[in-house]
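One chain, chain A, links the two complexes that follow: it is found with chain B in the first and with chain C in the second.
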Partner chain A sequence: MFVELNHLLNSDLENLKQGELTLICDIRTDGSFLVHHFLSLYLRAGCKVCFLALVQSFSHYNIVAQKLGVNLTTAKERGQLVFLEGLKTSVNVLLGDGQKSEQKNPLQFLSDTSSDLKVLYDFVRDSLTQPSTSAWKCPVLLVDDVSVLLSLGVNAIRLLDFLHYCRATICSQLEGNMVVLTNSSDDSEDEENELLVNYLSHHSNLILQVEGLATGFCKEVHGQLRITWKGSCRLKGEKDVVKDYQYRIHDKTVTFFARGTSAAVL
Partner chain B sequence: MQPAAASSFRRKVGGGLAVIPGTRASVRNGQLLVSSGVASLDSLIGGGLAVGTLLLIEEDKYNMYSNLLLKYFLAEGVVCHHDLFVASAEEDPSIILQELPMPLLDDFHKNNLDKEEKTTGELQKSMKIAWRYQNLPKLEVTPAACSRFGHYYDLSKSMSSELLQAVRCHTFFLPTECCSTADVYTSLLQSIFKVIQQEGFDGSCPQKKNKNILRIVLQSLGSGLWGDDICCSDHPQHLHSLTRFLHVLRGLLRMSLSVCVLSLPAHLIQSKAVRSRVRNLSDTVVGLESFIGSERETNPLYKDYQGLFHVHQSPRLNSLLCDVSGTKDLAFKLKRKQLTIECLHLPPDVSDRVSRSSKQDLSECSKVLSAGRADLTTGRTHLDF
Partner chain C sequence: MLQDALSGGGRLIIIDDVNCCGRSLLKCSLVAAAHEGDSIHILNFDIPENELRAGLDPEVAMRLVFHDGFRDPLNWNRESVLPTSPFTPQELRVCIGADTSPVTLVLDSLSWILLHNPVPAVCHTFQHFQRHAKNTGLNVKRIISLLHGDLHEPAVVASVCCLASTVVTMMPAPSGGAQAAALVLQRKKSRKIVRVTEYFTVLEHFVLKSLDQHQPLLKMAGDKEETPAAEADPAANLTFNLRLSEEERHAKERLLLPYHLSTEMKSSLLQSHAGAAKIYYEPDAADDMDEEDPDDDLDV
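Moving on to the complex of A and B:
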């Protein structure tokens, strides 16, 4: 959890906003530091978290989370975190020893191209629907790179369906939050991905767009973050609020500063 | 708890990682690293290839130099007695193995290096203009003979067969492999998986004997010879087979003691979407851009080099940061005996660590310079423009 980012986003550990969809969109750079931020933020706040980690292994997320002061292993044991390790699961689906277990694998669609993402949706819903006795606060769904699902051969329309179902269930029914990372670039001519980014940015309440510097690589400034708060009520003519910052990633934290005010150039 | 006889602070020693020959632990994130066989490439990608990761090499146009990198990687595996897995659709893997470069013996190499150092020492004495280059650490680091991480090779000779016979090598040659052409990638995955399980590289059930590393080399994946049409048509039928293969392969690598180098004819892939997806699904991505056939071939700026070397993506492993070397302008040079990657020129020095005084010095220097110019242009106080 980066305290500076919490200040920028006006978010607070004590009273988190509920029912929000946050889109992290990275362009020609890696926005995964924001995923680590939200993961540690929600775990600290005591939310029930379901994390679909399709890019890296569990140990990677765990080690980074430990740097940010959260232990994923204990969170898993306490039942606070449900972690789907995409890399491992997909190996099991495609190269499993043939023993078809009763329990359906969330990434079933890999072996059966005609199937949709219903099993994955069921997995998300089951892990976030909690009994009324549980002590965890609002449920949160985190997805590290939705666009990986497109690379795995999921039809774009089916993916949008999946996201719509998730939004309906988590954001409105359970009053929880969703944080979704997707990859995007202007010149990749990837129509499916564009469709996905458009859908998500239309429906999200907060967009964090991470971009590499247009002038190229710099040691001291790692990129630019554009925060867009969507106007909550379009009918009243509220406009989006946009703010730009530049950031630098350190070993355990990230510093944000206004454009052009890096310590290197002042 | 330990009794408080000594201080509670103890230096972590190795963590039991460095028992495998030819590996070392990364200083930055504790990952186990293996050498790619080219010392200058190792230093560019954070000290070496982390075990369990995937290096994607985007081939140069005529595929002359990327194959060399694959051979270096294999040769390094032979010298370190790692197991090899070679898959190809074009050349027979056994022929690839016969053409590996010969490793240089340590003492022989030292002599060579001493000579080199002498000449560079003389060079440095005479070098006055490029003062910023003087303190630059050379990319070519000499590996200590005892650490046995990374070796040097002679490209002009091929490796002796005795060395090769000592290594276990698994091959996958597409034309002789009987599989349905529809799903080449699945059968390739299955054969890698079989090797990993049978030879005990699996992380979940640790090896009982000596631990070892499996080096996987996949040549020109995605080309037409693999039965893939992403290089041939704008709207390929099997758009997702390569990306799905990469995802599952990465899962396999993460679970086992193996490391994979894969070359891909990226310039042939028609759809930009596939290209960017493939990059996103790999850990490290480097690209070779040879000058052959381009106008740069005759440009005097590049006369010492054969092509440009791009590091498109560095892996983020166990940390928020990724290892990024300072310079992005790199070029490779193929001499008769070896391939090296060098930095073409330095980026401008803008950093918050440069002391203020030196910056002021610079500005004073420039003042003096401009004053000098003013002297030359007598009587003129303003510039014309």
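Moving on to the complex of A and C:
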């Protein structure tokens, strides 16, 4: 959890906003530090978290989370965190071994391109629907990163259906939050990915766009973060609010500063 | 103009994109329809009912009838309200049911329908639904749909727009008071086409406030006279002058440039004046004298 980012986003541990979809969109850089931020933020806040980790292994996320002061293994044991390790689960599906009959594999749709993502949705819903006795706060779904599913051959419309259902169940029905990371690039000529990014941008309440510097690698400034609060149309028409910052990633924190005001320049 | 477009009959499409959301304008059109006494049937796929109801006048909200397509559109949870498969006039008619007052049908959004149904089928339903409803005793006064333009290929958007009587395209407004700009294209029954760009802002309870509008000159197809005027003149707004007037030309020609040596100037430079300083030089024994005139190559 990066305190500075919490200040920028006006969020704090005590009163989290609910029912929001946050889109993290990285362009020519790695935006995973934001995923780590949200993971540790929601675990610390006592939310029930379902994490679809499709990019890295559990130990990777665990090591980073430990640096940020959260232990994923304990969270898993306490039942606060449901972790789907995409790297292992997808291999099990594609190589076809393991127990078929006992439990449905949440990534089963990978082996059959004509099927929808209902299995994955059921997995998410079942892991986030809590008995009324549980002490966890609002449910949270984290996805890192959803573009990977497109690369694995999932049909874009089916993926949008899955995201729609997650939105309807988690954000609207259960009043929880969703954080989704996608990859994007202006000149990728990948229509399916563009459709995905546009769809998510239409429906998200907050967009965090992480972009590498156009001038190339720099030791002092690692990239640029554009925060867009989508104008809500709940009470009346509102304009989007956009703010730009530059950031530098340190060992355990990230510093944000206005554009052109890094320590190396001033 | 925008207000008229929103409250007019026929088929209205509001096209928005990521940078400029059109839902507030959709809500304005709901308010306009409700004030005319229509009952408003909404097929909501994009956002839940409570979000669409939020901020509306209770009087307007009373007139809304929701057909929920948001919570379970594909019947994954077995709670589906709307039929999932093809979007046909018959199914749409069954969905609305009986209603004696004039009906405004709202599709929020048409994008969902277009992504899940074949485009020709959607176009067919969109065009023929009003007539089909009339045959079965339902007065559908207008169909209002929201379309996210950047989720479809341009050709799909264009073909759907061909069937609409009014197309409102949302654009972000330049900084200032306006919330957004709308490009309104209206096809009148007389086959006249009106195109207006209008800046607007949305007040509380979704009342539209129009700020400024301008009507671009219509460019006729094949009209060649307009082409040269439309081309930008590169020499239009220069900070300097490219051409000379007669007077300026004379002044320019009269000017004596510093490197031109006229005869008077040459003589005045070479003539030594009385009282001017002179240099006497006595060569030293060890001096290395050069017999040559150092100014030999000067043409004076």
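Here, the second predicted complex is superposed on the first by the 260 of 266 C-alpha atoms of A that agree within 3 Å, B and C clash if a C-alpha of one lies under 4 Å from a C-alpha of the other, contacts with A are read in each partner's own complex, and residues count from 1 in each chain.
Convention: a contact is a pair of C-beta atoms (placed from the backbone, for glycine too) under 8 Å apart; a residue touches a chain by one contact, two chains touch by 3 or more.
Since this is a predicted model, take the numbers as computed values, not measurements.
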Three-chain arrangement built on chain A, chain B and chain C clash or fit
fit
Using the touch criterion from the header, give the chain among chain B and chain C with more contacted residues in chain A.
B
On the A-aligned overlay, A:L160 touches which partner chain: chain B = first, chain C = second, or both, or neither?
second
Pick one for A:K243: touches chain B only (first), chain C only (second), both, or neither.
neither
With chain A's C-alpha centre as vertex, what's the angle to chain B and chain C, nearest 10 degrees?
100
First (chain B), second (chain C), both or neither touched by A:Y199:
second
If we overlay the two complexes on their shared chain A, which of chain B and chain C does A:K230 touch? Say first, second, both or neither.
second
Would you sort A:Q173 into first (chain B), second (chain C), both or neither based on which partner it touches?
second
Quick check on the superposed pair: does A:R259 touch chain B, chain C, both, or neither? Answer first, second, both or neither.
neither
Could you tell me if A:R78 is touching chain B, chain C, both of them or neither one (first, second, both, neither)?
neither
Tell me, in angstrom, the smallest C-alpha to C-alpha distance between chain B and chain C in the overlaid model?
17
In the superposed arrangement, what residues of chain A touch both chain B and chain C?
none
Chain C - residues contacting chain A, complex:
17-19, 21, 23-25, 27, 46-48, 51, 54-55, 70-74, 76, 115-116, 148, 150-151, 179-180, 201-206
What does chain A use to touch chain C in their complex?
116, 118, 121-122, 157, 160-161, 164-165, 168, 172-173, 195, 198-199, 201-203, 230-231, 233-240
Complex interface listing, chain B residues touching chain A:
29, 52, 186, 189-190, 193, 239-241, 243-244, 247-248, 250-252, 254-255, 271-273, 275-277, 280-281, 316-322, 324, 326, 328, 350-352
Note which residues of chain A are touching chain B in the complex, please.
30, 32-33, 36, 56-57, 59-60, 63-64, 67, 86-91, 94-95, 110, 145, 147-148, 150-153, 183, 185, 187-193, 216-220, 249-252, 254, 262-265
